[in-house]
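The chains carry the letters A, B, C, D and E, assigned in the order they are written, with residues numbered from 1 in each.
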Amino acid sequence: MIAILKVNNIVSGYGKVIVVRDFNIEIEKGEIVSIIGRNGIGKSTFVKTLVGILPNKEGSIFFKEQDITNVKAHERAWSGIGYVPQGHGVFPTLTVEENLMTGQLINKKKSNLDFNLVYDYFPRLRERKKQKAGTLSGGEQAALAISRALVGNPDLLVLDEPTEGIQPNIVHHISDIITKINQDLGLTVLFVEQHIGLIQQMSQRCYAMDKGTIVGEIQNEEVKNYEILKRYLAV
Amino acid sequence: MAIFELIYQFMNNFSFLILSAVGLAIIFGMMGIINLAHGEFIMLGAYITTLATASGVPLPLAILLAAAGVGVFGLIVDRLIINRLYGRTLDSVVVTWGISMILSQGILIIFGPSLEGSSTPLGSISIAGATYSTYRILLFFIAIVMLGIIYWLFMHTKFGLYSRATMQKHDIANTMGINTNKMYSLTFMLGAALAGLTGGLYAPTMAVSPTFGSAFLMPSFVTVIVGGANPLIGTSLSGGVLGVVNSILDILWGTFYGRLGLLVVAIIVIRLLPLGFSGLVEKKLMRGRGI
Amino acid sequence: MSKGLVEKSDAILTLKGVGKHFGGLKAVDNIDLSIKKGELHCLIGPNGAGKSTIFKMIMGVYEPTVGEVFYNGKNITKMKNWDRANLGLSIKMQVPGVFGELSVYDNMRISAQKHMKSSERDEEIDNLLRFLDIIHLKYEIVNNLSHGQQQWLEIGMSLASKPELLLLDEPAAGMGPTETEFTAELVQKLNREGVTILFIDHDMDFVRKIAEKVTVLHLGKKFAEGTIEEIEANQDVVDIYLGNS
Amino acid sequence: MRNLKMKLNTENVIGIGLFLFLFIYPLFVTPYQILNLSYFISMVFLTLSLSLIWGYGGIFSFGQAAFFGVGGYFYAIFTMNSGISTITPIGLLLGVLVGGLVAGIIGYFMFYGGINDVFVGLITLCITVSLETFMAQTAGSQWKIGTVGLGGYNGINGIPTISLGSFALADVNFYYFILIVLLVVYIGLRLFVVSRFGYTAIAIRENRERTKLLGYNVPRFQTLIFALGGALASLSGILYATWGGYMTPSAAGLTAATLPVVLAAAGGRKNLTAAMIFTFIYYWFSQTLSASGNEYALVILGAALILVILFVPEGIIVSLFKLGDNLFFNRKKATQVKAEGEFT
Amino acid sequence: MHLTKKKTKNYIGLILTMIFMLLLSACQSAETSTGSGAGGSKKDAPIKIGILEDQSGDFSLVGIQKLHAAQLAVEEINNNGGLLGRQVEIVAPDTQSDNKRFQEMARKVILEDQVDVVMGGFSSASREAIRPIMEKNKMLYFYNNQYEGGVASKYSFNTGAIPDHQIGTLMEAVIKKYGPKVYTIAADYNFGQISADWVRTETERLGGEIVGEEFIPLGVSQFASTISRIKAADPDVLVTLLVGQEQSSFYGQWAKSGNTKLPMATTVNMAQAYEHKRFDPPSLANMYVTVTFMEELGDILPSAKEFVDKFYKKFPDDKYVGMEAETQYTGVMLWAEAVEKAGTTEVEAVIDALETGISYDGPAGTAKIDPATHHAVRNVYLAYADKEHKITFPQQWEAVVPDWLSKEKGVDLTKKDEFKQYTPLD
């Protein structure tokens, strides 16, 4: 198999404060991989470094065998990284439709059919497509953020705590849809999460993170093992 | 008579405020940069128009040339200087102050203290026994059309969509594949081009000199302050309100009170609504839809 | 202080039907909460459940959209946040609320000078820094400190204000086992000295170790409340917070 | 307290050197140069006032020129109405108080109204320009306060210099008077910024919301420090008025409003010494250029400011201080005492 | 990006900036040091004139003309062997249309450059900023400019047109021709206020009536409401006393409002800032102005033509030779005559010489100092611009004496020193 993403020994943080260090992961095409860990151990910092909002001070990132270490955030998006930010990060005064249009920028096919695709996944968004995103509920905002990333037709979907602050039934719905997209389109998914249910449901493989670095890898059946996951989440 | 008079006054004030402010508003609203060289950008537009008409270019074309020329100039300034200051509002004050000094003195050195102006075109029309300058009335409609075009540009084009996204959350917009630095450059260029357009439009009605821009600076700042960050909603609303205040005070008590009135309204508005009219409107909009 | 036990009957802090709405989002939805004097109370819940928002409403950073907040029986819903601080409320924020460009000493002094005589101030600061084991960093610029050290500093700043009710938003976040242990002891010690403590944390070991009472929040609502044993036995809590097995 | 001991670093060495130089300066130069330097010094107070409220209090203001004008006009109207030279020191003190009071009132409305950051800049800009607009139209004979006509755009002329008893301060005496005032204000400010109040100001600058949570009534402190800045700007205006016997509305114009901001930013706004030194350099430089009649004067000045911000964004003088610290003083020590006041 | 680069990068920038600034200041001080330092021995050293004119900013339009006129006059004096056998040298800092700068530079030329006389200033505000400095330093000061009149000061001499010359004559001409109803718009500052008052006084004296009076703040460039008020008042004559580049926008806007039939009367336009050349016709159609000189006077006066030709020969790029250029030129020449007569540049002696009633046959005829008021007796010409902005001179007044100060206010500077400005508002 080909590694679609390879992260080698990156070091990153805010200003002089180093949050992520000696960080290594490798993801193969078509996988759904999660990174788990408690709050405040650098999961989001890693994701921001991966998508290019934060510069990595050391190490390298390869995406589709291209070195993107020094590539700017918008060019990383163009190369096929779709991003769902923590707290959803929708543009509050843009309408649902406009939010989707910003996501569509990087879709080289440029067809609006994708809108119907995501509206089919999340019918609530179709009903509210003319509404300002800031007026949506938390679950709807999460759905919108995911849809916005999907309409860009990315090769890799990166989600930063997609279920933060949303109801369990929507969590299930979202995980079903992501799994389905993964199966339908062969989309590679990397997500960061602390919600054990979602981790169990979705991930095929799982990295455990603590103190800014990867401390373990959970594979195969262990991914479904509540006790093992819990151990990593509540060190 | 009085009612026509008042309408004409308002049209005049409104177009003057809108046209002075719109370039400044776009740059301030989108980029958070206070462009103290705004007046000089307008002056540059006036020079381009006047020089072009003097060499035989028809006025409408000369005005467009001013917009294009100042736009390109803005782009150069942005690439050389401003792009290093994105997000540093206060440093931009110092730098644009320096730019304005260089521009007004540079123009004085090159073209001398004054330029032969061209006359205002289009003559005048009579309504109810009083005559009004047709060009001035035209300026009002140009201001309205320009607001329309800006509305279309920001609300119905890809450029507008991406720039609104950038304005709201530039990090996230960046990760959506939007080259935010390029958006900022284009925005600065657009703001400069609009300043150039304003200079071109007013060149035939005013004395053209290196200090041409200073007449615009105060009204433009007041309009932007009252309007707030949203260059469209804010500017048109504040242009409207200030236009009414200015016209009424002007007619009742004279030019000085019209001018002072602008400043007082600005102080009151910013005290009550620190985010200006656009802050108020956006809040209402979010709440209205939310329920 | 010599009081081994403090009267726990009367509530020091009461929230009545408090809610905070952002546009269409109800970050906190109709919460009733009562903290007794001398209590060591913990708020838990998934990210985005509204815990930090509640803290901000207690401190007056946000004004509640609905409901009222009482402190020692006094309605403080609309009180300015500095007045609340002077009533004896103190907070350590989630994102370290330290002054990054100043030195550790400066940070401590800003907090301490409000509550101490200047003759005792510097000595007290040294004592606190020694207590927190960051005395060697006294003149270091805070931005150069590690995340953990900044957390310590902020706890120190809270202590310098000699609080009556201390709000700690994830006091042990980003700390290793020994540090967490130390923090736990520190919190308990403070509590024994009479400081009422309300804290948020995700680390269940930490919570289990010190919390006398736990309130679980979910989607902005109060989901469950009780002792740590009761909470851990509650299957619904396990479902929403720790997930299904 | 060990806190008040002077530290050996470039800033303090240069600061002391500067004052020593200023004290012996009259021995070597012409009366004109002494007079001219008195003018520079009177403008230093204006920059210091902004450095105080912006650099230390985090309040960005275009209003210092307005308080400069308030001070100058108040002094002129007060002393010229009384006509007694012995009253001038009282005029000076009252003028400073009035400037502080006006700033305090404006500050009260802004800070208690929750206005901050760039909005303070915008509102004070409007206030400054309003004052100019108003004063510029007072040419008519109806604009008289007591016996003193406001004079419109021509300004007020014949403002008396400060007299101590029957002894009028002029030339070298005026120079030493103003220099001693500067020294007192400078030392006062340096002590102020390491005082309890100064620490509060710095805390507010660094993080307003957090400072509130530590129990500080932030709007009150902001109002106070803004008033203090207003008083200093007013002092500057009064000294300028006595220097030239003249006060003009253009002292509160758009250019006058932006100049202190430019000076504080380019010199290094978080450092009083830097702001002071850069003011001297700027006035000297711009006056030299103007005196040469060189048509490129303003172009050069503009270019210099742009270069400063692009290449040394934290301020040119501050950067030089740091360079000096690295070269001549133990770097470790230098960074250790990085309390903003540096009197530590 | 730039923000994250190493410290060294910062220092390189810092050092580069410093070097740039040092280089600049080095050039500057080299340049200025040649100018100063010559104050010591007076025997053979050149005589110095300090010329304070705005070479940049709002008033540079006139300021540069005036500087050039002074340079022309000094060149002629030097070509004729100088003054008292010494060369004359000009010290001309740029006052940048900034009144504070005027103060600084006035002190500099007096104390540092030790000039023998100071000339200059365009706006009243700039004159009032420096006049006290002249008085304090007992420095001879020539204000070679048209203004609102009334300055009675031992050290000040004014060689330009004042209301005595311009307003009585102007109002007489227009009221006689068009009728008694007068509307005045004036710049809202001292020049405008005082001149407007003069217009009122003269109009009433001539049996006319002021039907409207409006003062426009400096810097205003939009005149729609003013124009409508003028129309509503329906005057016979519109008097405009506007100043500055912004206010001159009035005329274009006025012409476009469609009412070019109403005659305008002014004391400031055309002769100073050549609006009739800069604005397309018919902006200033039907305008009357009383002048002591303007370029077009060359059409009827050989001496004027000669002056204009000389001026353009020396400064071929200049666009106009206006009233203030001539006044400055004549002012320098009057001073030179007085110095020759006094045999010294010593201020009191030169003042005494001037107070003998020195006269000079200048480009616009004879100009003579009126000893009692320190103003100049001048010929006054009524200029008229038609629809094509062609200038004609329908009327002229010979040797108008500026005697308001002496007659109304009893000023006689030969007998009693004074240091103030009288206004009709007092």
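Going forward, a residue touches a chain if its C-beta (ideal position, glycine included) is under 8 Å from a C-beta of that chain, and two chains touch if they have at least 3 such contacts.
In this text the structure is predicted, and so the values were computed from the model without any measurement.
**Q** With contacts counted as defined, which of the two, B-D or A-B, has more C-beta pairs across the interface?
**A** B-D is joined by more C-beta pairs in contact.
**Q** Taking each chain's centre as the mean of its CA atoms, which one is most distant from chain A?
**A** The most remote chain is E.
**Q** How many angstrom between the C-alpha centroids of chain E and chain C?
**A** One centre to the other, that is 73 Å.
**Q** Hey, how far is the Cα centre of chain B from the one of chain C, in Å?
**A** That gives a centre separation of 49 Å.
**Q** Between chain C and chain D, what is the separation of their C-alpha centroids in Å?
**A** Spacing between the chain centres: roughly 43 Å.
**Q** Compute the distance, rounded to whole Å, between the mean C-alpha positions of chain A and chain D.
**A** Centre separation, chain A to chain D: 53 Å.
**Q** Hey, what residues on chain E touch two or more of the other chains?
**A** 56, 188, 215, 217
**Q** Could you tell me which residues belong to chain D and also touch two or more other chains?
**A** Only 133, 137, 295, 297-298, 304, 308, 310 qualify.
**Q** I need the residues of chain B touching at least two other chains; which ones are they?
**A** 84, 105, 108, 214, 218, 256, 259, 286, 289-290
**Q** Contact residues on chain C for chain D in the complex?
**A** So the residues of chain C touching chain D come out as 59, 61, 80-83, 85-86, 90-91, 93, 97-103, 105-106, 109-111, 113-115, 118, 122, 139, 141, 157, 161.
**Q** Spell out the part of chain B that touches chain E in their complex, as residue ranges.
**A** Residue list for chain B touching chain E: 1, 5, 8-9, 12-13, 16, 84, 105, 108, 112-120, 123-124, 126, 130-136, 204-207, 209-212, 214-215, 218, 247, 250-251, 254-256, 258-259.
**Q** Can you name the residues of chain D that touch chain E in the complex?
**A** These residues of chain D touch chain E: 30-33, 35-36, 39, 133, 136-137, 139-141, 151-155, 157-158, 244-246, 248, 250-251, 255, 285, 287-295, 297-298, 300, 304, 307-308, 310-312, 316, 319-320, 323.
**Q** Flag every residue of chain D that touches chain B in the complex, lowest number first.
**A** Chain D reaches chain B through residues 60, 109-110, 113-116, 118-119, 121-123, 125-127, 129-130, 133-134, 137, 254, 258, 261-262, 265-266, 295-299, 301-306, 308-310, 313.
**Q** If you look only at chain E, which of its residues touch chain D in the complex?
**A** Checking each residue of chain E against chain D gives 10-11, 13-14, 16-18, 20-21, 24-25, 28-29, 31-32, 35, 55-56, 92-96, 98-101, 103-105, 107-108, 110-112, 123-125, 128-129, 131-133, 136, 188-190, 192-194, 215, 217-218, 423, 425-426.
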